[in-house]
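Following: one structure in structure tokens, then a few remarks.
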Amino acid sequence: MADPAGVEYLRTAIGSSTADTITVAGRDLPSEVMGRLSLTELAYLLLAGREPTPGERLVLDAVLVSLADHGLTPSALAARLTYAGAPEAPQAAVAAGLLGAGSVFLGPAGDTAQWLWDTLAGTTEPDDEVLRAVAAGAVAARLDAGLRVPGLGHPIHKAGDPRTPRLYELAAEAGLLGPHLRLLREVAIAQEAATGRPLPVNGAGAAGAALVDVGVPPGSVRGFVLIARTAGLVAHLAEEAAQPIGRRLYEEVERRAGG
Amino acid sequence: MADPAGVEYLRTAIGSSTADTITVAGRDLPSEVMGRLSLTELAYLLLAGREPTPGERLVLDAVLVSLADHGLTPSALAARLTYAGAPEAPQAAVAAGLLGAGSVFLGPAGDTAQWLWDTLAGTTEPDDEVLRAVAAGAVAARLDAGLRVPGLGHPIHKAGDPRTPRLYELAAEAGLLGPHLRLLREVAIAQEAATGRPLPVNGAGAAGAALVDVGVPPGSVRGFVLIARTAGLVAHLAEEAAQPIGRRLYEEVERRAGG
Amino acid sequence: MADPAGVEYLRTAIGSSTADTITVAGRDLPSEVMGRLSLTELAYLLLAGREPTPGERLVLDAVLVSLADHGLTPSALAARLTYAGAPEAPQAAVAAGLLGAGSVFLGPAGDTAQWLWDTLAGTTEPDDEVLRAVAAGAVAARLDAGLRVPGLGHPIHKAGDPRTPRLYELAAEAGLLGPHLRLLREVAIAQEAATGRPLPVNGAGAAGAALVDVGVPPGSVRGFVLIARTAGLVAHLAEEAAQPIGRRLYEEVERRAGG
Amino acid sequence: MADPAGVEYLRTAIGSSTADTITVAGRDLPSEVMGRLSLTELAYLLLAGREPTPGERLVLDAVLVSLADHGLTPSALAARLTYAGAPEAPQAAVAAGLLGAGSVFLGPAGDTAQWLWDTLAGTTEPDDEVLRAVAAGAVAARLDAGLRVPGLGHPIHKAGDPRTPRLYELAAEAGLLGPHLRLLREVAIAQEAATGRPLPVNGAGAAGAALVDVGVPPGSVRGFVLIARTAGLVAHLAEEAAQPIGRRLYEEVERRAGG
């Protein structure tokens, strides 16, 4: 049955099993995926509906490794503090680390992707002049509304995020310097022109633009980058198990707060 | 300051930043990681302390893609139901999906890895005869204690998990059919001999054994497989956004429960 | 030390400990809180900075019990599915259940509270005529912007949410029928006048308005109602342990999806 | 349909709705719960199957307020760090704070409850002499197995947890100093006798024992105390919004880790 209307809504194109088969993305998992696709390629296949080209795979992995870790971030600290209380449930510590990937940290990759996408919507194969005009308009609209321009500036890398030029370079080499990466570059120029204050394209913004340019749907960028962050968090938990920071941090905080 | 003793405990070998550099795993992120390592390779580097060989990378990716998804699992359903209530926070839906990766689902990959590791500890380069004896003893110990033998049996793939032979084959081709994969095979034989009931090596168990054989520390296997599951969950959320199941499932449950 | 500037930021007014004392909200926990305050009263004290009056306590508890549970909601299902995979970590199952309390489910209590608060800001002791005008303006602004009016309508309780009249009654009896509850009533009237379609005040909206009227800061309403939901989820896990739904639901979904 | 066997498993005794009614714990929510039961009483009703007596309610609330907060704990810090990244999703920050309530922090209340319950199982109305013998045996069994004795000792309150005597006093005044609280007291005596080292009953252990004595099922104690912790976390988020610690803590850690 399922539904009064008789239509079964419980179906997915992602994966399924029978007693002797497992299918993922329409492919036989053992013979067509295992040994042939990397995790990055499978993740892309599931979101974009096709396997990435070698160039796209290169950009995808460059983005993922660029977002996997940045040391003792709030995300890593939350995971480590959680691990200190529940070492028997590492999945809970990883989940705690992911939960802060919102509007302030990591989420901006997806938010920039969506904003660039919406800004370009309907503009096919724009040349640099078109992009310049689009960027100027979009930046003005944000500033007029009292909003920050997505994808620009970084609290630590004030003079420039070292990931950004490398990502542009890799995308260019792969022939994948698409309209969203190019628009974002114009956005930074337009922002500086409008405010007099230079704010370089940050790594999260460049990552979001690059993902959209290689075909990741903008609405999935926020999720896609979580794959990278999970990898980083797992490494933090391994280090935490061997050389705990969480409990010592708590003890220091307690001591200072109580003083 | 930091600590009364003057020793700074807030340090990590995973990653760090300065105003114009980002370092991950001791390597300069833009020039030595981006464009050179895949996410899988970086995850391994962070856990194992060295980059994987091409054969190891192949096994790592085969394991990860084999665990990324199996359709509308409890994990995927929890993520989708969470998304139905908070579509603005996809990281919360992914986290909800990961939280069930415990002793029953997905966790067994890590639990099998740890058990095989502990069982073999101290046995270097065991030949098949040694492995057979070790397996018989370990299986007897579990059964005597009234415990299930890790890594065997599957509720759906009763006659054999299709991922298992493929993973053994890939490991063998890569010259990486190590002692833990080989031990697990003997464990299945010993279990059948002891109980008269065949329980084939399942995909999670084979995955755990393969990861230990290629050098993932056993205590990190539970975490490592979460990277794959995150990729699967992100795909479920993309599909959920386009074709919602969560809310309809809830409505059906509500209707049936209220009847 | 802590900070270069020498100012210690690690301090909280919520609680602290020494070797032989525990302080919560500025009170000695054993002698001034235990045996004297209920959890509801302590929660209010921590948010509002003072203990509630008996009438306020009555309204607070009425709100909390009204939001604790509604059967097999998406939240309860996510918790139960998570428990099926990780029964050893009940905190993970509760967390999974809370994670969906966003813009669609449960969150609307807080969103309505905030909207009513912002709408009334600066209007002190408004009489009914003022409220009527404020409501008309606020409803028109929402509808003009193509937005839903907060606090109105319910997918199941179409003709009226049974919690709403009871909450208004209890608040009135306690002399706490404040401007936000009264404004929300006018909002429903204004909405029907503007659209011709009656949408009664829902239980979440009334809850949010009542909490603001008794002094819970609007920005904390989203959090406050999670206390109630945690209580409901814990009950679901107890029932799930005795009479599992999660695994059976998954098995049914799997069967139907695979067919 | 539902099930092949035709039996509907999707049912719950916790709550349900129709178009014009909401039922919780078999009671009409508006008329029989709202205005009559506190959240604490409803939580107990859902777990114990009956409303608490006034004495039981007093003990329940004393336990809950004793566990709601202890300042800048790992749990509070994880919640605040998560909030720093995703202030738009407070439910995610609360969930992050709960996730560390495992075997090390907060979980011991439930673990002690279960251990005391298992230790006493089958012993009805034990007198002090019986409890003394049971305690001695149970303590010896733990120590022989190289395990810690549950419910004893505290890293900060080394000479005695200030909550413990107060909880015993309140339970005694209410006539609810039951076998589990009494057993735990004997356990502390037996442990000191066996090891020569005094370890006072800690607040979490006393809380677990008291909850079982008033009728909370031991398997639900771990969950029950999460209600209290949620209240504490919500207060931390309110304070964090007004006076941020999370981001500043991260910045300090970053600075120290990078040096």
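Letters A, B, C and D mark the chains as written, and numbering starts fresh at 1 in each.
One rule holds in what follows: a contact is a pair of C-beta atoms (placed from the backbone, for glycine too) under 8 Å apart; a residue touches a chain by one contact, two chains touch by 3 or more.
Source: prediction; values computed, not measured.
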Proportion of interface numbers common to chain C and chain D (over half same, under half different): same
Farthest chain relative to chain B (centres taken as mean CA coordinates): C
Pair joined by the larger number of C-beta contacts - A-D, B-D: A-D
Chain A-chain D separation of Cα centroids, rounded to whole Å: 38
Inter-chain centre distance, chain C versus chain D - centres from mean C-alpha coordinates, in Å: 22
Inter-chain centre distance, chain B versus chain D - centres from mean C-alpha coordinates, in Å: 32
Multi-chain contact sites of chain D, meaning residues that touch two or more partners: 2, 10, 12, 16-18, 71-72, 86, 88-89, 91-92, 95-96, 99-102, 106-107, 156, 249, 253-254, 257-258
Residue numbers on chain D that touch chain B, as the complex places them: 2, 8, 10-12, 16-18, 86, 88-89, 91-92, 95, 99, 253-254, 256-259
Chain A-facing residues of chain D, complex: 1-2, 71-75, 77-78, 81-89, 92-93, 95-96, 99-107, 156, 246-247, 249-250, 253-254, 257-258
Chain B - residues contacting chain A, complex: 2-3, 9-10, 12-22, 24, 29-31, 33-35, 37-40, 42-43, 46-47, 57-58, 61-62, 64-66, 68-72, 76, 89-92, 94-96, 98-102, 106-107, 156-160, 162-163, 165-167, 170, 203, 217, 219-220, 222-224, 226-228, 230-239, 241, 245, 248-249, 252
